[in-house]
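Scrolling down, you'll hit the structures one after another.
Across the two complexes that follow, chain A remains constant while its partner is chain B and subsequently chain C.
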Partner chain A sequence: MEPHNSPETRPAPSAGHLLVRVGEQICAVPVGAVRRVVRALTVHPLPGARAELAGLAEFAGEPLPVLDLGRLIGAPIGPHPLFPVTVVVWSRTADGREAIGLAADEALEVVDLSASSWLPAAGFLVGEALVGDQVVRVLDPDQLGGGS
Partner chain B sequence: MIEPKRQIGGRTEAEPSLAPATSGAVALLASAAGAGIVLLAIGATTGPAWPLALFVGVAAAALLILAGRKGMFSGVSGVSGVSGVSGVAGGGAEGVLRSVRAEHSAARAALRELRAGDLVATTEARPHLVARVRAALATAAEGLASLADELRTVNGEMASSADGVVRMTAELASSSSELSASVAEITAAMEELARTASGISESATAQAELASRVELRGATGEDALVEAVGGVVEVEARIAAIAERTDALGARSKEIYRVLDLIAEIAQETHVLSLNAAIEAAAAGTEGRRIAVVAEEVRRLASRSRDSVASVRALLDEFSASIRGTVVATEEGAKETRRVLGSAERAAVAVAELRAVGAETSARALRISGATREQDGASDEVVATLRDVGYVVERTSAALHGLEVTQTKLERLVLGVELLAQGLRRDSPTSLVHLAAGWGERVANGSPTDAEHQRVLDELLAEAPYLDDAYLVDAKGYALFLGSRRKPVEPRASAAEGGGATASPEAGDRDLSARPWFRAVVARGRTVLTAPYVSVNGRTCFTVAVPAFEPNGALRSVFGVDVDVHNWTRIGAGG
Partner chain C sequence: MTSGSFLLFHRGGGLWGIDSGQVVRIGPGPAPGETGAATDGETLRVELAGAAGPVVLAADRVEGVVAGLAVRPLSTALRTFWPETGCGVALYSGRPVILLDPLHLPLPLVASGGPDA
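Moving on, here comes the complex of A and B:
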């Protein structure tokens, strides 16, 4: 488990975000919370776990819980993923932070979300923003941890 | 004493009674009788019967001379030569002369009958005639009758032979006619055959030329087909090469797909790498901005690479689809080529067979043409030969016609000889004159009534089937009774008894005085036998007419019969 760089800083709505596609939805993850984007890791499902928990993967020699982002946000199934990815994000916990894998269909690009397009939301969704004419749902990785 | 005698078939002669003593002059007359008979026979004969009279006279004279040599007249000579001389010396010259005259008269009468050919009357009893003379006359009559019989026998054989020749000639003529017709038919058939053969020859020649052209065309077609087959084989080889190259192209396409997959993967890896770099640059704050710019550029390149790979993949998909279509088309083309090749090979075989058949047909047609040409020539020869045969048949027909003329003459000759023999009255059922004399006596004397007369005539016709008519006419030639086998031309009421064979002629028909036979009987006072003539029904006939005399020698009636020559020679002559 890597140490939390700045646990008290919450990414500003206008900071850079990594856009990923999940089904027909596009989500934005704050770049500061992203540890690494890798090709989709091999996931070993955990019996009896929640449906959102795809399973455990191995990353950097450590077990990595991987969440099914599509199920998590209830996104409809989109085009067949040509290059699925696992986005490793930091999620702050009570005793520090932990790495969590988010299984997405595609990692698109890093963008800056403008404040004007920001719409507030609740839970692990910070809000929604417009990128061009596309609605992007902004995640809050800290809400994905064991505390959420 | 002179006793008149009614006689049918001969003149009633006043015959002197036998003289008590024979005259001495008889010996002289007797010695001169041999020569006198001839002179009498010739001298008392006129008209067309003189050959018969000459024949009868010569025969009688010869027989009398022969009898004298054999001593037949020895009694006469004894009476005349020795006793006669003593008689003359004892009885007187007048008695002798009377006796001699009576004997001479009897001899003359007998010789007259002999001359007339009446052999029956010749041998009739004459009291004044010396027995040996009577015997000599009987011998002469018998010899003549025998001669006539032999003559008739020979004549009958000749007639039979003539009939045979006639039949054979008729058959030959019929055969000749049939042969001529057959020859004409065969000639026509052969000429038709020759024409047909000529037509066949021309057709066969034309067929041979046609078959030869077929053979030539077949050869050309065979060459073309061989060339076509070669072309198709070449096409097949090229299609196979195309298929091979297409397969190689497909294999290369798969390699390109693998390379594209690799490029796409690299692009994705680069893309992720650029994202991670951007994330790291963001983490670095302001110091990482330059890195973020580079990372963005790298991400763009990666994105372009992915887009390019997608474009290339799309193009490659189209290319692969084209290759697959090419492969399918090539396979179909190969199949079609193989089918065309099979058809072309079969066509080549068929053309080769057609060519062979054409050659064989040409050869056979030429042989047929030659054979029919030979047949044509042979037909001409046969036609020429048949024309020769026809000429021979025509000559045969002409010769047969000449033979028919000869046969007609022969038949006339036979009839003439028969009538010559019938000129002698013989005591025989084959002597018409003798038969007619008997019939005339039956008609004239045996019938007290007219009905009986007619019945007798009808009976005669029934008995003698060779008689056409029988009639009895009075001294003026008026028909008293008529019987006819021929049916009357127009039916007339028959008043007479005796059935349909009789007819009652009109008054005009009953005057028969102009008939030749009646005039001959009146002129000669004897039985006559006419020359043959053609009757009204087209048959050859002759008439036998027998006179009957009153006691005073005047003609009382004439009985006549018409004899059908054909029926007589067929029926009567055989009896």
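Moving on, here comes the complex of A and C:
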């Protein structure tokens, strides 16, 4: 695959990214979009929801939708994932921004990713990057809220 | 925004609220083996009238009637990943509550009388 060069689909290349592990996959989330990393919030399921929506939780006195990060980025996960952390991110919407929780295994470190080397990706991803020999899937939180 | 009073009930692992003015009766669910008996924990049936028409919701447990909930609109992400419709979302005792739209009740909650009944 060729590097992804479409500027309109790419966030600012200088932004750092928080690496988050889910199963065997590493996901990168723009640091500017990260509100907090907390121990797993108690999630209450919603019947009829898409598989990506783990359910609703309470965070900072507000209801918070919590998404299964593994399903969001297409990462293979075990049958009974524990997801011990929740990464709370901001997602831009047409009306402003809203908080969304991402259920994950662990937050690893913050790295600078060079957007010029990203490979194209679809869905909620803006690209894939190499960190060492690991393929990292770069998430666009704004896509989760329908904005950007 | 705050609103009127809501009947809160548990179903499917979630906590739900319905305008208490829509509720006409709360009764037991069908007994095991009875026609229409649920196999997934349903123990109560909440009968609605008014704008909703005659609709029966399945419930695992009733929490009670509460007033003064701070109601927020459903977030964009919630609307993206949950295809149903609701009047809003609130917290009750630190737990999220989906407040139901009587005219657009989620099918997984409807025991009878819903759009497909």
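The rule is short, and it goes like this: the second predicted complex is superposed on the first by the 122 of 148 C-alpha atoms of A that agree within 3 Å, B and C clash if a C-alpha of one lies under 4 Å from a C-alpha of the other, contacts with A are read in each partner's own complex, and residues count from 1 in each chain.
One rule holds in what follows: contacts are C-beta pairs under 8 Å (C-beta built on N, C-alpha and C of every residue); 3 or more make two chains touch, one makes a residue touch a chain.
Source: prediction; values computed, not measured.
Partners chain B and chain C fit side by side in the overlay (superposition on chain A). By the touch criterion defined above, A:49 lies against chain C but remains apart from chain B after alignment on the C-alpha atoms of chain A.
When the shared chain is aligned, no partner comes close enough to touch A:134: not chain B, not chain C. With both structures placed on the common chain, the touch criterion links A:145 to chain C but leaves chain B unconnected.
Here chain B and chain C are compared by how many residues of chain A each touches, and C touches more. No C-alpha atom of chain B lies closer than 23 Å to any C-alpha atom of chain C in the overlay. Those residues of chain C whose C-beta lies close enough to touch chain A in the complex are 11-15, 72, 75-78, 80-84, 89-91, 94-98, 106-109.
Contacts from chain A toward chain B in the complex involve residues 5, 15-16, 18, 31-32, 34, 36-39, 82-83, 85, 107, 109-110.
Against chain A, the residues of chain B that register as touching in their complex are 264-265, 268-269, 271-272, 275-276, 278-279, 282-283, 292, 295-296, 299. The touching residues of chain A, counted against chain C in their complex, run 44-50, 52-53, 55-58, 61-65, 67, 91, 93-95, 98, 100, 144-147.
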